[in-house]
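Going by the order they are written in, the chains are A, B, C and D; count residues from 1 in each one.
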Amino acid sequence: MTETKPSVINAENTPFINGLWRQNPVFVMVLGMCPTLAITNSVRNAVSMGLATTFVMAVSYGMISAIRNLIPKQVRIATFIAIIACAVTVVDFLVKAISIPIYLALGAYIPLIVSNCLTLERAEAYACKQPVVKSMLDGLGMGLGFAFALTCLGIVREVLGAGTFLGFHLFGPHFEPLVLFLLPPGGFIALAILLLAFAYRKERQLKKAEAQS
Amino acid sequence: MPLLEAITGKRLWRGVHVPEHKEDTERLPIRRMPFAPLLVIPLSQHNGAPSIPIVHEGQEVVRGEPIAKAAGFMSIPMHAPATGRVQRIALAPGARGELGLAIYLAPYLSASQEILYGAPRDIADMTPAEIVQAVQDTGVVGLGGAAFPTHVKLKVPEGRTIDTVVVNGCECEPYLTTDHRIMLEQSAQVLHGTRVAMKALGAPRAVIGVEDNKMDAVAALRQANGSATDITVESVPARYPQGAEKMLVKVLLNREVPSAGLPSEVGLAVFNVATLAQIGDLLPRRGGLIERVITIAGPGVKKPGNFLVALGTPLRWALEQAACTDRVSSVVLGGPMMGAAVGSLDVPVTKGVSGILVLEDDHGPAHHNYIHPCIKCAACVDVCPMHLNPSRLGLLARKERYEEMETDFHLMDCFECGCCSYVCPSQIPLVQYFRISKQMNRERKARA
Amino acid sequence: MSSARVAERVLEVRTSPHAHNAMSVEKIMRNVVFALLPISAYAVWMFGISAFFLLVTTTLASLATESAACRMSGKRSSIGDYSAVITGLLLGLTLPPGLPLWMGALGAFIAVGPGKMVFGGLGFNVFNPALVGRAFLQAAFPVAITAYTPAKALGRFTEFIPSSLAWPFMKAAPVTEWMARVRVDGFTGATPLMLRKFDHIQTDPWSMFLGERAGSTGETAALLIFVCGLYLIIRKFMDWRVPAAMLLSAIAVAEAFHLADAARYPGPLFVLLSGGLVLGAMFMATDPVGSPVTPRGMWIYGILMGAMTVLIRFLGGLAEGVMYAILLGNAFSPLIDNLTQPKTYGERRKAVAK
Amino acid sequence: MSQLIPPPESAPSRENSIRMVRLLGTVSLMCGVLIVGTNLATRDRIRQNQETIMRDSVAELLPGVKKQVVYSIAAKGELKVMNGIEGEGQRFFAGYDAQGKLAGVVIEAGERGYADVISALYSYSPATQTIIGFKVVDMRETPGLGDRVRSDEGFLANFKQLDARVENGKEVHPIVTVKHGAKKNPWEIDAISGATISSRAVGRMLQKSVENVTPVIQKNLDRIERGQ
């Protein structure tokens, strides 16, 4: 991200918006690719995964931030993992309690939130240095940004790959779905298209800014 | 065997078949070209230190008289190509567009142009060291185009022995027929020069390699050699670049000159036939190199031929004798594959010029202006006589990864024969890329 | 007089060599197109106007994509080098004749856009563009791409295969009823490979030889494809080592399997004549861009692809393996290239260099 | 002269180690409490969810059923009535209509498909020895191709009356998947065109399951009819 100085300061002050858009974890930082590619073959799965991650991040960052001054440097990663893993286990139970079909669809990917690089990266980069409220806001923002990105991807993949949106048929019975988009390679292709759109937009903004200055 | 070679890609060496275009001049005997009104004799006509002039402006010189002396062992003297007056000693343009000190000599048109020789001598009485000195005094350099001082090659490097002298009569460049004519017309001098080289190097035998498109030259040399067994004349397949010394020794003797090494490392010394013919002619008479045979040919020439030209003759004069068409687009010193195009006709003929090639508008690669990307067709890999990978080298050169080209892909082994550029369907100027890359590497090393 | 004229002219100073042989990218590509034309014509004879319009669609779509991509990136239009025509034709020849035309157009777009222009155009693509397009279609429309129709159907020059004319992004009409109506006796809609794999029915080699069988538009006439490829090899527009290595290794591997269990695995003749092996070996594996440049590398590359084709056909879940074998070969080719760099003339052994 | 050399900063002191252990211990304890708490809070709900799903599926496969009994077959072919739905061994569900009469049995089965194991439920009528319904529970088949075994109407029509008679532990006519459009006999499954591998997996699944499970059901039929 080729941010100019003022906007970095700005970003520090508005952790929520920052994660949601300006430093979107998927489109800008390109983090957490495993769930991004694996779990976005339908809008429902994408939203659920995004919300589960948001919950984990907000809760665990609050906890990490609360004890940030007590954590010795040498064991900080171990501490983060323990806390995040705890939050993930809780989510695992909650999802099961809310809906079994969603749990079946998300499958192995909920436990994998622990090893999602995004979760650990923000804990290391932000939560262990900032106060509790800001950390939770950052977790919430980043998580929602992640959920937003996953949803975008989910929409593209479900609409193209199945011709449906949240299970509703959009194009009538004769639509020929591009099954590829439901398969893993389709995830890569859809992500590439979205990243391309983001990069294109950013480049145009930069050019505009250059032209103005 | 050919099938196996085709499968493994392990031919003796590769190369290309280039249309020869030799039919215009190969039957034309060598003719003497008249003197130009002004001869320009650059003091650096060879690899090594420029010669030091020993005449002053306004001085009168006799044809064959030394006019410059050697500046050390890696240098040679110069001799006056004509009887006349030294007009001035000033800068003159060279073939590559560079300026260098040259002696401007105006021949006397009325003079007899008798050549000044020293006292005759017998080679049989000379020691190898004396021969080396005598060859240096003649000012002979490699006449095949390299212009490397010949006497340096006649001195055996310490700790090595030379078992065979290889004489290069291949002349694989299209259009050029000077070596061909010399072998036909000066067979005795060639053999004599070969024996001089053998004596200087202490080599018991010599092999003359001639391409099989010049079987008449092979016959002439064999006849001149008679029943002598120390020199053999062998024909080799006509293929470009058969005249490269590394390719020639591979085919004749199946020896490979090590990378970045000299033929002496495998017990060989390689000389061009024209060089040895001059040595054979000049050494007994204590003469100096004052003229050489060049071919003037190409689509832009109306009267092509093989000419004996006084060194220092400007190209403009030489071309006037051969009559050019009015569609000339470029003039090349040497053959079409490795020769250098000149930007000015004021450039003189020097010791290393073996021919003048005149091209017309629709000849040569002039009409290929668009360079396609490399499609990795592997044509260049199949022809590179050094078994390099020009395709990869070209891609690396485009990315300016010059160091990698040298360390991993043997860039420095490329001797710029031009086969890769010749076959490239994308018209990529590979040889030019490699020249630039080599230069960049040299500059980088110089900085370090 | 004449030298004065020479002097007036500005001499061009170019670098050596000042000669060039007659080969050029355009010439090579143009001749590949020529070689593909008889195959395309035979395909139209076998499958009728559906095949014709499929080929036209894929070719036009790939030309349009190439031209648009060049315009977007501000480059000189490269449609003049014929490579897009080849991609379009080859793609069309590898698709089932009854594939909806819109799918063909989409495949050509994917082939030339993401398959080639994204990498930087001709010479920079990693994979054979036509096969990228086909692989995309195979993954996106697994049903449509395996819906083969019989050759020599009745009225094939006056009537489209019903599935050809589907609206864009809409399902193709079913062909079952049409097939029952137009089928000539003895012709089925399943390819010989599918018949063998799923129904254990052996197809008569003679009908495969003539190309009178179901299959992709241009892969059926093995002999004709072989002859067209041979034309390119003889005119030196194509390297003979890759197809030779690929076909020979496919024959050898098939023969080994056949010897081990003749009841289960068909012999080399069947392997050679069925599916798109000859088309792939002659026209797609030989795409110079995706293949290694070293002589040894070409043999390894060909052998790898031939063996993979047979292994996928015999042991894998798919009926046909040529496409994935070639894509795999493309993926391996940079590695093969690096491992088989030629030994240069006069290369010193390490000890000597010290 | 009496200058002390300060210890290097990074050298782990005893104090520091104790601090680390204490902190990690506390964090683990905290997390443990949280996890156990959540588990206790959600346990019933989760079990209930799972049961509802299962029972809904059974009800779907055996329409009109009012009462369900879950059985499990232990290692020695012994039949056991279960309280919940969780337990070891091969499970099946007996469904009874309003009059308490046995309407049919729903059996769990699984078989490796194209991508992963396809797990499914099928309903079996002990009276006619036929399979009368089929439902995929979980699978990873190719979308649009293999996954049509879940939804393809023509394919599901195979399971309205599929012959599954067993004699002496062997099926009279083993259930087999045939090429699309080639079904002739009541024990054959008409494959989905283009999804042969998944269709065959379903055939194999049923054939194996019928041979393993239905003899036990037939043997204990009177017990099951009584709902014990």
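To be clear about the criterion, contacts are C-beta pairs under 8 Å (C-beta built on N, C-alpha and C of every residue); 3 or more make two chains touch, one makes a residue touch a chain.
These numbers come from a predicted model, not from an experiment.
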Note: chains that touch subunit B and subunit D both are C
More C-beta contacts across C-D or across A-D? A-D
Using the mean of all protein Cα atoms as the middle point, what chain has its own Cα mean nearest that point? C
For subunit C versus subunit D, what separation do you get between their C-alpha means, in angstrom? 45
Suppose each chain is reduced to the average of its Cα coordinates; what separation in Å results between subunit A and subunit B? 70
Could you state the distance in Å from the CA-based centre of subunit A to that of subunit D? 32
Suppose each chain is reduced to the average of its Cα coordinates; what separation in Å results between subunit A and subunit C? 41
Residue numbers in subunit C touching 2 or more other chains? 142
For subunit A, what residues touch not just one other chain but two or more? 179, 183
Can you list every residue of subunit D that touches 2 or more other chains, as numbers and ranges? 142, 144-145
Touching pairs of chains, which are they? A-C, A-D, B-C, C-D
Using the touch definition up top, name the residues of subunit A that touch subunit D in the complex. 41, 63, 67, 70-72, 74-75, 78-79, 82-83, 85-86, 89-90, 93-94, 96-97, 99-101, 104, 161-162, 177, 179, 182-183
Taking the touch rule as given, give the residues of subunit D at its contact with subunit A in the complex, in rising order. 12, 16, 19-20, 23-24, 27-28, 30-32, 34-35, 38-39, 41-42, 45-46, 49-50, 53, 138, 142-145
In the complex, subunit B residues that touch subunit C: 7-9, 13, 16, 18-19, 97, 174, 246, 250, 256-259, 261, 302, 316-317, 319-320, 323-326, 328-332, 336-345, 357, 359, 363-366, 368, 370, 372-379, 381-382, 385-389, 391-392, 409-410, 413, 416, 418, 421-427, 429, 431-432, 435
What residues of subunit C sit close enough to touch subunit A in their complex? 100, 103, 114, 136, 139-142, 144, 166-167, 169-172
Considering only the defined contacts, which subunit D positions touch subunit C in the complex? 114, 142, 144-145, 179, 193-194, 196-197
